[in-house]
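Following are the structures in question.
Both of the next two complexes hold chain A, though its partner changes from chain B to chain C.
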Partner chain A sequence: MSVVTNTTTIGAIEAPSRRNTELALLAFAVIIPVFAYLNVGLAMDGKVPAGMLGYGLGLGLLAAVAHLVVRKWAPYADPLLLPLATLLNGMGLVLIWRLDQSPRLIATSMNRFGTFSPDAPSQMMYSAIGIAMFVGVLLLLKDHRVLQRYTYISMVVSLILLLLPLVPGLGADVFGAKIWIRIGGFSIQPGEFAKLVLAVFFSGYLMVKRDALALASRRFMGLYLPRGRDLGPILTIWAVSLLILVFENDLGTSMLFFGMFVIMLYVATERTSWIVMGLLMAVAGAAVVGSTASHVKSRVAAWLDPFGCLETATDQNMLNACDQMTQVLMSFGSGGILGTGLGQGNSDLIQFAANSDFIFATVGEELGLAGVMVFLLLYGLIVERGIRTSLAARDPFGKLLAMGLSGAFALQIFVVAGGVMGLIPLTGMTMPFLAYGGSSVIANWALIGILIRISDTARRPAPAPAPSPDAEMTQVVRP
Partner chain B sequence: MNKPLRRVAIFCGLLIFALLVRDNWLQFVRADELNAHPKNTRVRIERYANERGNIIVDGKPITGSVDSGDEYFKFKRTYTDGPMWAPVTGYASQAYDANQIEKIEDGILTGNDDRLFFDRTLAMFTGDKKKGGDVVTTLNGAAQKAAFEGLGKKTGAVVAIEPKTGKILAMASTPSYDPSSFAGYSRKDEKAWVALEKDKNKPKQNRAIREIYPPGSVFKVVTAAAALENGKVKDIDAATDTPEGWKIPLSSKEMVNHAKGCANASLKRALDISCNSVFAKLGDDVGRDKMVEMAEKFGFNAEQFTPVRSSASVYDKNADRGGNALSSIGQFNTATTPLQMAMVTAAIANDGKLMKPYMIDELRAPNVDLLKKTEPEEMSRPVSQENAQLLQQMMESVVTNGTGGKADLNMDGVKVGGKTGTAQHGDKNAKRPYAWFISYAKNAEGSPVAVAVIVEDSAGTSREDISGGGLAAPIAKAVMKAVLKTRG
Partner chain C sequence: MSELTLTVMRLGFLAVLWLFVIVAVQVIRSDLFGTRVTQRGSRRQEARPAQQQARQAAAPPQQRGQQSAGGGRQRRGAPTKLVVSEGTLTGTTVALQGQTITLGRAHDSTIVLDDDYASSRHARIYPDRDGQWIVEDLGSTNGTYLDRTRLTTATPIPLGAPIRIGKTVIELRK
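Moving on, here comes the complex of A and B:
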């Protein structure tokens, strides 16, 4: 906040908009995937792939549209978010296209379904819709504070979204996880959108209630314990998360939502006690569900000793989970430090969900330790820019929303990448932007859109008269 | 709200950091282990990704590699005369790994060996397809054929060695298997493999080097060598002081002979007609420790690496006097691989110098450049030249005057020495005996070949007829003849 205050006191000098920086970075974000595309084509067929021009133009066009919209309607936005998302999306397309070329995956699909359809064209379409969503957010949402009005509508919408997969006839059970709905040939993962809507609800709700949640408390053993009736919200969210876990078999979504709420609660109230309580509740919930639900048990077994459990697995599900985990780990291991090179690995041995849940293994095998670290740092940068936006935001709603979205993004990265690398039990979620899946790409582009909107508002030279010099003083009075 | 925001930022940073650390653990620390993990299909994918190099006999490949068009394993191994060469090549299967030469020289055959780094790099620039190098064996196609066909439907094994160098010329084992029957990974390959695994006759066992048999009378040449070397016998034509029915020490039994005329027979005569009493007594005279020393100089009690590993032949180091006497005639705990008996024969034929047996002559790069040539290497000198020649005299006498007549080549300028053996085994010797024969051929330039033959079971032969001289000697003769012929 102090930074903003200083610029306004200096006066008329505008903060640099950084749009040209963004443009230059975007150029790299388009060129790098185009080279990667070329690389895959040369490695697999020995010739320049025919679709390269189309791919390069398509990605370039999408990036250009996004850039122009940002330049016009969010000129002070953070310059890194758009190029980072474009780069990740572009690389995701290349990796999905690379797996489309795999004779093994084609043969498997032919054996199982009698047909094979490449996923890259669909993903390209989803990316276009995602960018359209991004543009739509920037055009329609002139001020993120508008969202505050929809706090309780958001609550209802998010609950509906979360419960949709349980509606008979609409929900689809995909390999045990009930996180999909199917409408007219399209599969949608409502959870991805619920992430955004929930963040809006949490921000609006916490902004109003934070004083009550923060101040009305008793001190006990160095912690501020909330009053019994203030426990309502966290208990509700906890219960909903557990319901998702139990009925939709989705550990990832469940952890993500609860984690996001705890983080936002902590930021809103500045009370460490919420984190302690949140962790205790998460552990209790995980312990109970983990020891009863069979699918969670298989995942935990596969995590603890993937190779050992190939021999000790008690049922087919557990065996599949362990086999999948060993394949993913060997894929990473075979990549080594520099990887085999794009198009030259054998990550298609993972077979099922190789281009969605496990796409990070392809990064690991073909781009190696170096490539994986680059990708993790790219994701880390998105999170960092998001949190920076939150720090710079001038209104508490914007702060909470930006924090909630970046926190959820970070948790998702951790849960997915940690899952495929065997750091934590595997959950059924996908790497944002990289993995194949329309819902994920579209929702994450919307997420970037909202962050860009908030950062534009935050970095925009304040139109209001300079705040009174007492502004700093009032902060000190806070408890 | 900024203070908790910063803390959450640090927390998010820690999450990413944890992922980075984990990734380093996975892709740096554990990379080698995961990469070579037995469950990792990539090892096999890599093995069959390129045209596999060949195993070569007499300048011609006995293996091949076909592009099977499979999505997992591109090339598939093929074998010419698979069953005949299986004891040499081993197998390379997409589903069941590999063994013997196919496994030991896998790096050369796949082209992944460090010595082929330059070829690989060069191929990368010239755009040539990566290819494996070749393994050139020491084997002799004609001798192998004679051995394999000589064994025919019988169960047994043949090993032939060039005494001068230690080159293995023939290595046959029957019943055999066709390694191409399970080279792939289809249902059919699986069926073939399971059938071979379940087969009671153990066709996948390489009897030439991996099975140890009681040698019976053929071991008497080792005892004779020990007696000469330790001075227990000075003159091979002098009568030994042996009664008919020699009492076995620490036992109430007497050692009797099948042959007649063993009482006080000379060493030479005793070997001719294979007298148990004489050799049991000589073994006892020499003593256990000296017998063990002699056997171990010939290669007993140690695994041999040709470079394919052979089982260790056994001469009991802890036998009592009675056991040692029985061991000296190839009974009790004495057990040997056919390779081991071929080594004994070769050492005697080579005037007492035992050469290390080997079957890989050269390793060649894909462009036929020589990568490595195996040089003949002396392993030991079990007997002096003088005594070796005495042993040769006696073995030649076995062929001309004794039990080994069927091995005589009747060729000008070629002398043949041999020894028969009929090893009884099983509880109370109830099982069908093993027929052994060891022999060598020798001409003016030295000895070109030494052979050991064992016929384990001989369906269609009555029990009385099973004898080393009758069953095994003709096979040894055919192998020696084949070697001599190819030498011109």
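Moving on, here comes the complex of A and C:
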């Protein structure tokens, strides 16, 4: 027989901090939007845009600050979350700037309001505030388990945030949906922040109650049916989300909260019956409200038959909803597979909210199917990293929180992208990071901050080294 | 701007976007933690096929017939790898290259078991002169089990039979 020459050693790989990987990806994520900016400038004016250097430096500075803070205060965090968010935010800025350049939108604004103010500079400011929020989360939240103490406070805070738009004088009715409040000259969408606070409440609550919800049940037709009194929480959340739907006229927000609760309930209890029940309740609620509330009804009509409802529309609001939907669909259609090229499409025909709710149509028209897929993959990767963090987290609260946040993020993408593409009725939500809107950008940077904090704790190597097994006695198996 | 430049830029931009996604996925791939299996030295590898052929020629004809009936693809009856199927090292495979494999908690074992119920030098697995793999208990505290019987002497290992050491189960596979 041959001499022993092959030895195989088996050892655990130490978790590297991967900060340099993050830095490289971050540089890439800053260069891509600068390239896009150049592309838009060349296509629209035929020359290198004047603001390119300033834009690149601004985005690079924000990314560098975020990276240095992560390097110092969350050294083991996931290397992908920050670059992905930076790329999406940067691309959002470019797309908003591109729509600012559109002569059609400028003319409409001049006609309607007499002035035109570009949105890109304010979005840049919101991004800076967002990064500041991200830095603040990492600096102030040294351990995500602290949030567990505020379980019931966050319940109250989230209810207040959700109900704020209904307060007379404070809430603002923007084209049917009451999801805004006006303070001073600023309008804020409290729902975006409620998303974070609610995730804290749900994870704190479910961590304590999950055994009762999972174990006390009867088996019926292959499903575990919970006891009547354990239905309390899901019924309450359902009622609250229906109230949002009825009074705030916003399908997206209510779907987001109810969906987030059902996802977290399923993750906490591992019972499929919750998902089945949740879906049935959501469908029943949406069907009832969708056939009564006028604002939701016009959205549903625009979803079912966008071109037909242009003729059958009964009022101006419905006509606007249908017109927008047809423009969006035409926009996606004219993009084709490879798109028309940045700055060369006509997605500005959507007019109102082209750079917020409908910004994905610009992606669809100017970058085509290939570009839409990239953006969906980028969002998908953020969600994947969030769920991976949840799997790696060692404490149940962190697991549920990471899962809830990434679930809410995923649902938001689904609701917005699905609405814009005509899969589900359109709602007034914004594409995270991409769309114009301060609340959305700031809240989503805070969300990424929390995920990075949890992933830092989860990936940090265990502190105490294992003692040498040779030194220990072998335990004897006792029958 | 000429049409050509714009087209090149448009396609180039899409390519760069996809490149970013691919790089990100590569980072995820290299980020999967687990156990690292390092192979060292393979000087005698070229000598292997000849030996195996010789061994096969020497095998009784009846056994050979059985093998070809079992599956035309696998000509060799000898196991080629050892697989850990239960315990902390689940999924680890070690190629069988004719060397003795020692199992135990001692650091110099071929397979270092992180198992409170394993002894420092628990068992060894080695080939006899015919190439048949043998398992032998090295006087361990809790014993080594082949299937469900505790080993008292060196015993040949049938293909796929589970060998239990503490909480760890290993088996030989083709």
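Annotations
Operating definition for what follows: the second predicted complex is superposed on the first by the 449 of 479 C-alpha atoms of A that agree within 3 Å, B and C clash if a C-alpha of one lies under 4 Å from a C-alpha of the other, contacts with A are read in each partner's own complex, and residues count from 1 in each chain.
We adopt the following convention: a residue touches a chain if its C-beta (ideal position, glycine included) is under 8 Å from a C-beta of that chain, and two chains touch if they have at least 3 such contacts.
Fair warning: this is a prediction, and the values are worked out from it, not measured in the lab.
When the two structures are aligned on the shared chain, A:F28 is found in touch with chain C, with no touch to chain B.
Once the two complexes are overlaid on the shared chain, A:R18 sits against chain C while remaining clear of chain B. Of the two partner chains, chain C is the only one touched by A:L378; chain B is not.
Within the superposed three-chain model, A:A36 lies in touch with chain C and out of touch with chain B [touch as defined at top]. Shared-chain residue A:G171: touches no atom of chain B or chain C.
Of the two partner chains placed by the overlay, only chain B lies in contact with A:A410; chain C stays clear of it.
Using the contact criterion defined above for the overlaid structures, shared-chain residue A:I387 touches chain B, although it does not reach chain C. In the superposed pair of complexes, A:L84 makes contact with chain C only, with no contact to chain B. Once the two complexes are overlaid on the shared chain, A:L342 sits against chain C while remaining clear of chain B. Once both structures are placed on chain A, chain A residues 1, 368, 377, 384 are touched by chain B and, in the other complex, by chain C. Chain contact summary for the complex, chain C toward chain A: residues 1, 5-7, 9-11, 13-14, 16-18, 20-21, 23-25, 27-28, 31, 33-44, 47-48, 51, 89, 92, 94-95, 97-100, 105-107, 110-112, 114, 116-120, 127, 129, 140-142, 166.
Residues of chain B touching chain A in their complex: 1-6, 8-9, 11-13, 15-16, 18-20, 22-24, 26-28, 30-35, 37, 39-42, 45, 71-72.
Listed in rising order, the residues of chain A touching chain C in the complex are 1-13, 15, 18, 21, 25, 28-29, 32, 35-36, 39, 42-43, 46, 79-80, 83-84, 87, 338-342, 344, 367-368, 370-371, 374, 377-378, 381, 384-385, 468-470, 472, 474-477.
Partner chain B is touched in their complex by these residues of chain A: 1, 103-104, 106-107, 263, 266-268, 270, 307, 310, 326, 329-330, 332-337, 346, 349, 364, 368-369, 372-373, 376-377, 379-380, 383-384, 387, 390-391, 396, 399-400, 403, 406-407, 410-411, 413-414, 417-418, 421-423.
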